[in-house]
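The structure's right below; bear with me while I get my questions together.
Note that the chains are named A, B, C, D and E in the order they appear, and that numbering of residues resets to 1 at the start of each chain.
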């Protein structure tokens, strides 16, 4: 679906993305991981049209979308969320969702004056949809709150909620998990899986929480220093020496006392979760 | 071909005046930039602050003159300057207490601060006029020239005059000293560093135990000083008139922004860019051309643009810089 | 009864410093009449000041509106600048049938503007000053000048009329460059003027505005040595600030010689202001004219007394000078014609504007000296 | 820019209350200083409200800090000159063709430069563009200068310009809006990419340039020589005509009114009527637009441009749209103002009065709120006018404790400057006690 | 009495309270971790402890001294250090200047402390001349913690120090935090990487809707299936 070819993006002399090539298959939930500063967000920003690439090409379903503006990409069904939540602070939570769908009749000035009836019908439908999304995200009690007053995690949810307001083809999620409560993250994970299965969204997910990646994503792409370091299934990646050295690490050195417990816990986790992850992975990859 | 006379003409009519004017703009722009980077708003009251400070300096100068105190060949105003700075700084601090402090506390949006400064501008505007009236005042009492046209002609025998006013020299020298002192202060001293920290990240500065009130106070004191110095130099070089100082606000802002607002080096560069473009682009090259090509008598003025559009020139430059180098010549910071 | 008179001048804004002596001039005349107790059998006169800001037509209109409708003035001494004057005339004076006598609006356009017989000015049109100045310069043998003017209707109008007259008479203008008032720096203008060259520099500006900046710059860079100063420049400030630096330079201002002028200066000095300041005398005359016309019409109604103004100014009777308003009132009451001369040898022509006697001055030994009148 | 908006202290009664206060002030003015004065203030206040509405559309809806209101206002004011003044006989023949040719050359040169910029690459690009522009400039001057000279030579003391079309003044209002919109479109195309503070300074500069053009292009609008006697818009009569109409005089007397007073008031009421109609139309349009997905979208864009773009909103186009629309409204106000004044005086445009004062109106009224702009427009104008009157009184009171002499004299002489002081204090007071304006947005 | 004792804190931003009688205590050299759902009021509680929020009820004592009425700066002087969740460095100042700013309130010679910080975070020594704004997310977090350490705090408060950092850096950070705690400094931190955090915690708080829901040792909380399911994501 999305093909990135030899993409380079430099800031001044510094190459944040340095000739990365990768592919995101239709219907997959592709994970994108890598050390801080590897160039993941920059890659996202280039694909999503925020930055123009220094060189290289991005195609979507064979069509060249390099350098298209964000709003044009939106209309092609490419949506993204931000690593640092970008809510509309003075709009209510509900309005934050209702503003998303494009081509609303009421966005044309002419209609706001002479097409009130049509706007009313559309708004009613939007309202219903927005409330459904809010219910789904468990924040419907906040629907009339100004989005600026939400807590960090709540904003993240709202960010995700916006992608659910339209029929997207592919959604780029930049660290949905950072700062989100793990229980809630599971819910989000479920939502992603459901959107992927039921609505056929393709996802590309940046995340540092390996549990989350392991549960959801197949394949996983690892970036480091602006290049693709490795690619493969989550399990496969987690055993990759280079990836462990650059990214995963080998756990705590200091907490000798906790070591055993941690190990025990880790075993438990691995026991409990790959199943879920596998399911999701299979569901997505078919 | 008469290269020397051509050079003298350019020096006399372009380089010297533009340098002095540029230094004055630069000092003004420094004040604007400082407020912008540390207190995070565009201070529209700066022009009137300059007027107020200069007004005080003039009053004190008169006092000194009445007492018969003078600085010899240097203008008495230089002696009055420290007192003027002290009073202006006190006024700045008072204004902050009465006005700005509240908005910092409620974390008002920058544009609210801008509007507040417009309010302060109105008040200062009135205050200055209550203080010293609306008339044009000349308070430069030192030796007027380092070299005047007659001396120059006698000295060199050239037909083109060249003059260097003492106020021009004083302006440039004072500007250099002030800028150097400011840089040393911001870059090397503890207080200076804490001001930079505050401008970088106000909340974190608070968490590091930096006293915001102190930073703000020091900022206002420095701004008051810069405004008074800039205003006094300007007044010495030209003359004082309250209304002119309000008008000065535009080129000062242009300087700060062309240079990159929030960046002190930029403010200085911006001042010179604006002054040289104003004087240089509208310069009529007729005389220089006739010196260089003696046999050609141009019927026009050989002028790129008439002085009617002088201000358009500096603003066009401003806009071009903004479009092609949006952060200014030196990377400024934007909040 | 109490007669209220509007004094509408640019107290704030770019000409704020010219206004006070003008207002004081007008108020001096009002006080004189009031103190005499002879106006309409003992009426007093109270001046009401209004701020025309000089540049803001809307504010000037509002101020005049207030004068007329809420202060109920019987006449307006003003406005100051030609632009504001036109606005007030058209928007307030004509609709309300209010008499306006401007002491200083000199734009040639005001000569032909329809005014229902309500508008007069004690200052001459700049069309006239242009001629006078051209003659003066040519008589000094100066054949080419550089010209700079303040960029408003006054400066531009004067510059145009001068340029036309001067060229017609054989002079040449090397450059005619505008300068904006109240701006900071005039290096660019001075540089252009210097480059264009010329035997003298004509500065059609305001002394406490850009005109001063241009003069300073031109002197300091040694660009010109001889300057020509029209009305906006000739003043005490010019002498105080530039004095001996402009020796040999010359100029002219609407003013007249002799008795009236001297008397006014003395009166002004006694009242504590500078009567030689531009248009201060004109302001005195403007106020006096209106008050005397009221007496002549035996009414404070502008629609009635407006017709008497020309008679007072150009009458065929005893000459009246500043300080003699009481006498004038008596004479009028007795039914005798008077010829109001005032501080500026008032003689109204055409549509009701000063014919324009000009005082020609020259700087000698740092002093402004009157050379002649024309 | 993130604008933290404090929780609103708005209650339903706020707006009616403030409008009532405003009405009382105007009525008070009417009873104490006469209806002429009250209506005069109200009229100009409503005009200011239109200006404020335009600025509010840009700043309040979309967060575009346009500090160039003065420029668009001045440009709008050009419309009555071009539309409703009588044509200058012979002027078009003398120079009209030359001027049109000059503009044609300019447009061709600019288009050529743009074409080269887009289609040529490499080092030659800058050089070629510069060359084309310089050549274009000289060609332009070649056609332009003689034409201008010819036009300005025609009866310079009264005309010297192209003159107008001699059409009804009312037509010039929409034309003023279109002129301003056209300029705004050009400005927006180049400057809207800038961030907020820079946009402010850029527009501040552009406004100065626009006014400089109006001041210096004598062939167009007589420049600083001003255009006088611009005809009034359609239903507004002239006082003199009314006073000379026996019918009107009889009617006025039957109401027990002085015919002269009646005539001036009739004229003001006629203007008032026109302004109210325009204002009502604008309010209807803007309120409908704001309270719809369009308004929601604009607020979203104002809150966070990047995110709005990612949500499929074409931020650049919307910015341009609102910038052009807002400027059009300011231009409309400019044309209305000139028809009210009856003259066009380019020197009277100064930023303090026409940019900052308008901003003060918007902020004091409550940015983002249309009703706030109207309230701010009328209220601030009222204060601005009255401060001139109050000044001497306040000063006299302040100076009374001083002994007679220098200081007292000086203070009393300074009274006119009280206007600034009062203005400043009011602005500071409102910002202090109601930082989001008197009528906060929602 | 505990070293830090914030008891019964009640308060919020506007009319409605966010915190309801929330109590947090930390002993000397102890690591206390706050976990809880989004919007529970964890950051708010941190701000309250640091004096950045007006409390309507409750008190805060440090080392037995009541500091409820002190301003944040004064609390810094009393030995509290705070690393906010975001915007926790001075971006246009170099790493070294960032650390210097941390020592702003100290009048003694702080080179020793700086050496200690460099020892703790060797990468910072390498990058000491670089502007903090040019560092990667994980390095910035180290600068942020280092800056707080420069005040020589007796209590270090960290709001989600590991949000957005890679696993390897997270481990490194936790390692450092343990080391810091071993030097006798008390640590109070909010974490969403709750399991890892509770593993190193001496004490854990689960905050729900501004109130204490569970308080226990880290181990015990990790072992509680109810807590695991509801708050730690299974």
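Annotations
Here is the rule we go by: contacts are C-beta pairs under 8 Å (C-beta built on N, C-alpha and C of every residue); 3 or more make two chains touch, one makes a residue touch a chain.
Per UniProt, the chains are A, E = ABC transporter ATP-binding protein; B, D = Branched-chain amino acid ABC transporter permease.
Owing to the predicted nature of the structure, the values given are computational and were not obtained by experimental measurement.
The chains in contact with chain B and with chain E alike: there are none.
Minimum number of contact steps separating chain B from chain C: 1. Counted as hops between touching chains, the shortest connection from chain D to chain E is 2. Put simply, the chain farthest from chain E by mean CA position is C.
Per-chain CA centroids place chain B at a distance of 31 Å from chain D. Work out the mean CA point of chain A and of chain C, and you get 76 Å between them. Centroid to centroid, with C-alpha atoms defining each point, chain A and chain E lie 28 Å apart.
Averaging Cα coordinates per chain places chain A and chain B 50 Å apart.
The set of chain C residues that touch two or more partner chains comprises 12, 16, 151, 178. Residue positions of chain D touching 2 or more other chains, listed in rising order: 3-5, 215-216, 413, 417, 419-420. The residues of chain A never reach two or more other chains; the list is empty. Per the contact rule defined earlier, chains pair up in contact as A-D, A-E, B-C, B-D, B-E, C-D. The touching residues of chain D, when paired with chain B in their complex, are 1, 3-6, 59, 65, 190-191, 193-198, 200-202, 204-206, 208-209, 212, 215-216, 351-352, 356, 359-360, 363, 410-411, 413-414, 417-421, 423-425, 427-428, 431-432, 435.
Per the touch definition, chain C reaches chain B in the complex via residues 12-14, 16-17, 151, 175, 177-180, 182-185, 187-192, 194-197, 207-208, 212-213, 216-217, 220-223, 237, 241.
The touching residues of chain A, when paired with chain E in their complex, are 33-37, 83-84, 149-154, 156-157, 175, 178-186, 208-211, 246-255, 258, 261-262, 265, 272-273. The touching residues of chain E, when paired with chain A in their complex, are 13, 35-40, 43, 85-86, 136-139, 160, 163-172, 174-175, 178-179, 192-195, 199-200, 219, 222, 229-234. Listing the residues of chain B that touch chain C in their complex gives 9, 12-14, 17-18, 21, 24, 133-136, 138, 144-145, 148-150, 152, 161-163, 165, 234, 238-239, 241, 243-244, 247-248, 251, 275, 278-279, 282-288, 301, 303, 306-308, 310-311.
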